[in-house]
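Quick one: the structure is below, and I'll ask about it shortly.
Note that the chains are named A, B and C in the order they appear, and that numbering of residues resets to 1 at the start of each chain.
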Amino acid sequence: MTPVLLLQVMALGLLTGLVYALVAAGLSLIFGLMDVVNFAHGQFLMLAMYAAFAVHAASGVGVALELPLVVLLLFVLGVATYRGLIARALGVATNRGMVQIFVTFGLGIFLTGAAQFVFGGDFRSIGDGMLANRSLILHGLHLPLAQVAAAVVCLLAFAALALISRTEFGRALAATREDREAVALIGIDRNRIFALGWGLGCAAVGVAGVMLVQFYYVSPNVGADFALIAYVTVALGGFGSLLGALVAGILIGEVEALTALLLEPSLKQVGMFAIYLAVLMLRPRGLFGRL
Amino acid sequence: MPTLLEVERVSRSFGGVAANVDVSFTVQAGEIVGLIGPNGAGKTTLFNMIAGEIAPQSGVIRLDGAVVCGRGPLAAARAGIARTFQVVRSFDTMTVLENVMVGAFAHAHRTRTAMAEAAAVIGATGLAAHADTPAASLTPPGKRRLEVARALAMRPRLLLLDEMLTGLTPAEAQEGVAMIRALRAQGITILMVEHVMEVLLPLIDRAVVLDLGRVLTVGTPAAVVRDPGVIRAYLGERYAAA
Amino acid sequence: MAKLPDNAILRRRRRELAAGGAVLLALAVLPLPIADVYTQNLIIMALLFAGLAQAWNILGGYCGQISLGHALYFGIGGYVSTLLFLRAGLPPSLGMFAGGLAAGAAALLVGWPCFRLSGHYYAIATLVVAQIAYLLALNWDFIGGATGLYVPFHAESWGDLAFRTTKRPFHYIALAFAAAAWFAGYLIEGSRWGYAWRAMRDDPVAARSLAVRLLPSKMAAASISGGLAGIGGAIFAQYVGYIDPDSVMSLQLSILIALPAVIGGVGTLWGPLLGAAVQVPISEVSRSWLGGAGRGSDLMIYGALIVTVALLRPAGLASLLRPARRPPPAAEARNANAA
């Protein structure tokens, strides 16, 4: 194995890791806000990928049009999911933790079925997009343009999330997170904040989905793999921590790439899962989780 | 009377907050001792250390001469320390009888034994009519009573009551006082935190006053209320308000 | 000691035992008039999942530790019994208990580190552990890798749990499994463990102040739960005659094992059976009726059903069976305090 190959693999790991990080950030944001793990998160990603694919097929304009449309769609979907399902799930009298898991889980199954119903079971991708099949050559490293673009956009989306957390709305988010009862007293509508939080979390997934489908195949079941990685990333970084999602996402991307290179491609997930378990044994709340 | 509980130079802080500083006092077997002090004085923290929930950073706590602190709640419970919580913690999916049985299982191994013991305790604490009610649907005073019953079913030697009478109507509080007196008559030693002086002072043998984590004074109720430090730190404002 | 008066708990337990006997009897005669293989299969799968969900319920319901990785124990049970049969000639009627033991031991191994985690951290850790095992199994040639293993067939026999001409014996095997799991739940509910587990599920801090030992309690629940799931896995492997990581260790399966308990009623004696009786037919029927033609409409119906039941019946379908509890009016509680 040459150093160049190692560098090449690590660079690709970083690019992938940034996408993982953004997917995880959406999940983490929602969790941090209201202790809800969205078990349909992977299906939201899958939906975003299909939506981008559909926009592409209909317009052919490219990412510039796909991004805003899909992100808006996912935002609306997130708000609707909160209003229609999650708010109700949080309001049940018994088994709240369990109900919330299985409501989102059922939603995930529903969405998988819906995707199969509409798009069929085939694998699809935007093979002819303007980012497809082009590469960036950098100091001898061969970087697919679509993946570079995805990493850059995801990083920008991260920056946007970080900025949002500094605005008035971000402070309202934080206040809602800290003390749910008290915010009502100072005139913040908890339900509205939660709904917006869901919108925002899903919009982040929307960004990731659009960028992902530029170079990755989409099928009704694509969500499951990414969701699993997202859960691991969030738990590794610490539920509710944006920085944790970023660091853990990159870490997971690297570990995955290196395991595939050094051990065996079919075991690439074993490496990242093992790292996650090891870290969790030492830090039960993840790298940046609040204790 | 032999000494049951010895708290010796116990300290504990959380980050920068010194919740308990060099706290020392003793409780004799069969006594009712009141632990009083303004909000944030460190009363619950002290309870948590006696009950093994948290460990002191320095100092020791002994029950009947044996060290009980820093060994976890299980060791404290086995040594004979039972408690109630300032914020009620009932097992909400279980009935009152089942809640109390959990306490009885601390020494009973057979279900029937635990059930009989729990039924007896429930009778003695005035919850008999509610034996089969889910704990979740008890009223707040009912839940406080349930916590006491659950603790009693463990057959403790020392019972820690954290603001058990707080938030009750005067009539309910008087029932609580009667119950505590009955417990002492059974030979259970009681250390209790309470803010309502009118109820507490006639009930207790001695009072330990905490302020800002330190013991301000220890003495009979009559002596404590006359202590100028205590009046300044605590009673003055309360009595003025009352 | 005071003489124990008859009380609601004892009465309820007597009623439940009687009901359990009656249901067992009914399920024992149920297959006699049914000749249709499709329906027979449906009932066998429902019974199997009733037992599996009860196994899950012991850890997830009574003890409150939401495991999303029970396929691991199911798979271990299946593989151990199949491999013992294949490589050592041990008949599966014995091998399934070896599988159960191995799965129970695995549950202890997983529990030891994972029980230090709480809430979602625990749930996701169990999911990940199971997924690691699944990926390793795919790559492990000794156990057949991704291709899987066929269970050898010598002759129809109870010792080998092998039957080809009729499904009926499997009905009784699955029924025995479901009944054993139900009875385990029944015994636990009435035992010191059952009380300790429910207490720590409701409030661990209060439970440990009452001398409940949290970690040993969880470990005990995990080993029983994992062991039962392992026996279920061994039965499944015998029934299908074939075992591969996708059919016995997948993430989906972990969820399918937990779901009936959730639909039927978590932490209840009858929930898993009820849930399986609803879930298995609906998923099978919608798959065979709609799966081909509707392409995905089966999943839509299934997902919508889970959402609906979870929202409308958060305590599960079993809460329909229980007579509505009268909420004690506040005044009455006051009177009791005065007494």
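Note that a residue touches a chain if its C-beta (ideal position, glycine included) is under 8 Å from a C-beta of that chain, and two chains touch if they have at least 3 such contacts.
From a predicted model like this one, the values you see are computed outputs, not experimental measurements.
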item	value
Farthest chain (mean CA position) relative to chain B	A
By mean Cα position, the chain sitting nearest the middle	C
Whole-Å gap separating chain B and chain C, where each centre is the average of the chain's CA atoms	42
Cα-centroid distance, chain A relative to chain B, in whole angstrom	48
For chain A paired with chain C, centre-to-centre distance based on mean C-alpha positions, whole Å	32
Of all residues in chain C, the ones touching two or more other chains	none
Contacts with two or more other chains, residues of chain B listed in rising order	93
Per-residue multi-chain contacts in chain A, two or more chains	94
Contact footprint of chain C on chain B as seen in their complex	51, 53, 72-74, 77-78, 82-83, 85, 89-95, 97-99, 101-103, 105-106, 108-109, 111-117, 119-120, 126-134, 137-139, 141-142, 145, 150-151, 154, 171-172, 175
Of all residues in chain C, those that touch chain B in their complex	1-5, 7-10, 190-192, 195-196, 198-199, 201-203, 205-213, 267, 325, 327-328, 330, 332-339
Chain C residues touching chain A - in the complex, by the definition given at the top	66, 113, 116-121, 123-125, 127-129, 131-132, 135-136, 138-139, 251, 255, 259, 262, 266, 294-307, 310-311, 314-316
Contact footprint of chain C on chain A as seen in their complex	31, 35, 37, 85, 88-89, 92-99, 101-103, 105-118, 120-121, 220, 224, 228, 231-232, 235, 239, 264, 266-267, 269-270, 273-274, 276-277, 280-281, 284-286
